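For reference, the structures are reproduced in the following blocks.
Both complexes shown next keep subunit A, but they swap its partner, so subunit B is in the first and subunit C is in the second.
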Partner chain A sequence: MLLGVEGAHVHYRARGTTVEAVRGVSLTVNKGERLGLVGESGCGKSSLARAMLGLEPLAAGAIHFDGQPVHGAKATLRRRLQPVFQDAGSALDPRMTVAASLREPLELHRVGTAASREAHLDELLDLVQLPREVKGRLPRTLSAGQRQRVNLARALALEPELLILDEPVSALDVSVQAQVLNLLESIARTRALTLVFISHDLDVVAHLCDSVAVMYAGLVVERGPASRVLGSPLHPYTRALCAARVKALEGTPGEPPSPAHWPPGCAFHPRCPVVVERCRKDRPALPEGEHRAACFVTDP
Partner chain B sequence: MKGLRALWADRAARPAVVALGILVGAAVFADFLASDLPLAVRVDGQTHLFPCVTRPAALRGRSQATLTGTEWMIRTPIPYGPAQTIAATGEVRDGPPPWGPDGAHWLGTDEVGRDVLARLIHGARVSLFIAVFTVLIAVGVGMLIGGVSGYLGGATDAVLSRLLEVMTTFPLVFFLIALLSVLRTQSLWPLVLALGLTRWTDVARLVRAEVLKLKTLDFVLAARAMGASPLRIVTRHLLPNALGPVLVTATFGVAAAVLLETALSFLGLGVAPPTASWGELLTQAHRTLVHPGAWWLAVFPGVCIALTVLSVNALGEAVRRKVDGGV
Partner chain C sequence: MSAVEVRGLGVELDGAKLLDGLSLSIEAGALHALVGESGSGKTTAANALLRLLPEGAKVRGSALVGTVDLIALGAAALERARGRTVAMMLQEPLAALNPVLTVGAHLTETLEVHRAVTKGELRSRAVALLEEVGLPEPASRFHAYPHQLSGGQRQRVLLAAALACEPALLIADEPTTALDASMKGVVLALIRGLAERRKLAVLLISHDLWAVREVCRDVSVLYAGRLVEQGPVAQVFARPRHPYTHALLAARPAPEHRGGALEAIGGVVPGPNDVVPGCRFHPRCPRAEARCRIEVPALVDGCACHFPLGGEGRR
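Let's turn to the complex of A and B:
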């Protein structure tokens, strides 16, 4: 087990009210695993990702990386798990050139000498298939795809074991998406990286990931191998998501609930096609097992 | 300087850059432009270079009239010092000063016979020095307080924000009058400190807002994820990105500081006489309104102040265009 999340809660306070973005997620990620974290907007995926990086404080629970808590971790632990964010533009300091952005993690962790760092920069640019000429350029002069490659290069600069990618390609054009994904896959394979890949795009997840966790309303509602979760989903929500690969949540009325007012019981019950009385009162737990869903109705 | 070249490329800002260049040049080289002592002199078998700056005691009491055959002297373009009265020059004319502009005193003299142009040039040094250092102090304090307040948030932010509000609501001129009445000295620093330490609020509010906006951006999260310290994040990522708007405010702040110095001098709380500043010159003009027709006393300092404020504001607009268009 490389990353362990135990009962993690992430709360935000806004104007006196508390928003429970993540409310009790437990999951483990093994070394070399490529976990896809899927769900609609507002389901708590990004909050969970930031909590995994130790950037978002936990209201309850714990997150461990290689046995040590990520919150308040020293820089030596931090460098072993690195993020790639969705908005490639805002993830780079607008005033720093590509070279300066890539040099920052190396300087911070005193990797190599000033001279060897320049060679290191060239290697990183080669790795993400960017021409070396981009070194002197500012982020705003790059295309979105190039920026995301720079982000990837910066995340890889410290040779992390785990990459946490928060919708890394969803802001890119479809053709650029495919290029960046293929690049990511080949780098992950050659460097034996562990991935937590957050996406709402099930096709992308099916392509890249070997296991999947489905999130709804701040909870993991289904977890299992990618082929089984996406091929024969157990939870009514996952089924709806899989059907939606063709069309937007077909046959599922309503909208995802607001994090400020989660429905009681099973949060999916107002939209669920197979809802029973119990779903309105009790919250189903995620059972043990290889492929499991938090649902009273679905019996695997 | 890349920034200056960019401003020069902005055609609308060019007259302002030229005007400020001349004013700042006059301020920096005031001693070479207007002095009672010469640029160079050979007297008593000794050559003095730039006595107008070094002011050697050996030259005390010497004038052009006392030079003998092989001795010579190169005067400054305006051969008067800023504090040189009629008693020192020994000029004799029909009627007492103030004398209007003529060949000897290009912009006239004040009521004790001091050359107005010489006082304007030396006044530029004092006025611009006060304005620039006031703004530097205000920007330094403002960036520190705004940056800390915005990045740390919570209780620190609450305390600093209240302090900022108190400072903002304080009637500034009354506060400065009270402060300067106590701190009155010959030095310029009490005035500069008093102005700087009351004018940081705009910068602080601006930097705080910028930092609040910037700190949620992903590049700050990325820096935290790679293990950067809060100090590094503030100094390397947040403040540099907030610098553009700060530069705009700082430029406008120079204009405001020139006007504030003028106002305080007018109230008699500026620089101590006989030091010349533009505000002090205007005060002088006001006092000598008993001499009807001595328009040169008020007009020339007024033009200098107006020109500076207009140019600095035009420059501020140019910087704003650059900053807004840049990122």
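Let's turn to the complex of A and C:
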């Protein structure tokens, strides 16, 4: 186990009320695993990702990387897990050249000498298949796809073991998205990287990931190998998402709930086609097992 | 003749050709998808039809909606046409709605400005519109503010506002892009149902060919400001003829092409100021030959390509 999340809660305080974005998530990610974290806006997947990076404090629970807590971790641990965010435009400092953006993490972590860092920059650009002449350019002069490659190169600069990617290709055009996905896949394979890949796009997750956790209303509702979760989903919510993937006109009645007012019991019950009385009161737990769902009705 | 006939629509701004000779027709009650990646000119086309282009833009061609040519209208006639002949449903509902106005005020304002109904009928007409777009509890939501609604509900309010003056043509610019996966299908089905019931022609703009395949009758694929393929959606999907359309479909990660690398299209879409002689797709095209670098291919049988797929006989 490389990453362990145990009963994680992430809360935000807004206008005197507490919003429970993540409400008790436990999951483990093994070395070399590529976990797809899927769910709709407001389900807590980005909050969970930020907590995994130690960027968001936990209201309860713990998150460990290689046996050590990520919250309050020293730089030597933190450099081993790196984020890639969705909007490469805002993730990069608009006033810093590509070279300066790539050099920064190396300088902060005192990697190598000034001369060896310059050689390292060239290697990073080769790795993400960017021409070396982009070194002197500012982010705004690059295309969206090129910016996301720079972002990826920056995340890889410290040779992390785990990448946490939050919707890294969602803002890209289809033709460019395929280039970046191919690149990411080949880097993950050659460097034996562990990935936590957050996406609302099940097709992208199915392509890249070997396991999937489905989040709804701040909880993981289904977990298992990607082929099984996406091929034979158990939870009614996952089933609805998978149906929408094949039939564009399939939707789920109702709308995703607001983090400010989670429905009681199973949070999916107001939209669920197979709801029973118990779902309105009790919250179903996520059982143990290879492929499992938090549902009273679906029997795995 | 179709309800909407766009002929040779072109837009030039500061010497750059943003859109070059777009022609398409839409039947009453049908949806036509205008598909392309960033820089393809799809939003420029929408803005040209609504006459929302910046000053100095040179527009060519015509766009007939019934007997009205949107491109040729003078200022006063244009004011009357907007909302009544052509209406727009915007992409980002939170930005498109005024946060200090109630849902009802958005609709009654539109109805009042266009004098669509008498003052006494304003409220009942607005509530009826909200009901038609499937907003739950329309009478009480009439008094709600945009922030009190969910994303899907806001999208429905925008749709109601667009339909308020019974336009013949609705332009929907990426209506599902900002929505969650479980909501996209619901909104697309709603738009299609309204189009059929109201005999409304819809131009559905999307960057995602796959997302609109089930609701649209026809599709026009744009690349770098030019129409590259056009035809019935089912046909374009089953047998794409332009290498770009084919590549777009193949680049999408999908169950049917599982495993191995995705068929990425190398390079990037050229910008409006980039000079690309011949076919604008040729630098990225696996089938390109010498002729493609020199000669602009004309649209023949719905495909603008010198060497279309499945069309080897034309070589």
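Throughout what follows, the second predicted complex is superposed on the first by the 295 of 300 C-alpha atoms of A that agree within 3 Å, B and C clash if a C-alpha of one lies under 4 Å from a C-alpha of the other, contacts with A are read in each partner's own complex, and residues count from 1 in each chain.
Please note the rule applied: a residue touches a chain if its C-beta (ideal position, glycine included) is under 8 Å from a C-beta of that chain, and two chains touch if they have at least 3 such contacts.
On a predicted model such as this, the values are computed, not experimentally measured, just so you know.
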- prompt: Superposed on subunit A, are subunit B and subunit C clashing or fitting side by side?
  reply: fit
- prompt: In the superposed arrangement, does subunit B or subunit C reach more residues of subunit A?
  reply: C
Message: Is A:240 touching anything from subunit B or subunit C once the two structures are fitted on A? First, second, both or neither.
response: second
Query: Touch check for A:258: first (subunit B), second (subunit C), both, or neither?
result: second
- request: Could you look at A:207 and tell me whether it touches subunit B, subunit C, both or neither (first, second, both, neither)?
  value: second
Query: Is A:140 in contact with subunit B, with subunit C, with both, or with neither (first, second, both, neither)?
result: first
Statement: After superposition on A, vertex subunit A (C-alpha centre) with arms to subunit B and subunit C, in degrees to the nearest 10, comes to 80
- request: For A:293, decide between first (touching subunit B), second (touching subunit C), both and neither.
  value: neither
Message: Quick check for you: in the superposed arrangement, does A:178 touch first (subunit B), second (subunit C), both or neither?
response: second
Field: Superposition-derived minimum Cα distance between subunit C and subunit B (Å)
entry: 19
Query: Of all the subunit A residues, which ones make contact with subunit B and with subunit C?
result: none
For the subunit B and subunit A complex, residues of the former touching the latter: 217-219, 221-228, 232, 236-237, 240-241, 327
Field: subunit A contact footprint on subunit C (complex, rising order)
entry: 37-38, 150-153, 180-189, 192, 207-215, 247-248, 251-255, 258, 261-266, 268-269
Task: Spell out the residues on subunit A that touch subunit C in their complex, using ranges where they run on.
output: 40-41, 143-145, 173-179, 181-182, 185-186, 200, 202-204, 206-208, 240-241, 244-245, 247-253, 255-256, 258, 271
- prompt: Which positions of subunit A touch subunit B when the two form their complex?
  reply: 50, 53-55, 74-76, 78-79, 81-83, 85-87, 90-95, 104-105, 108-109, 140, 151, 154-155, 158
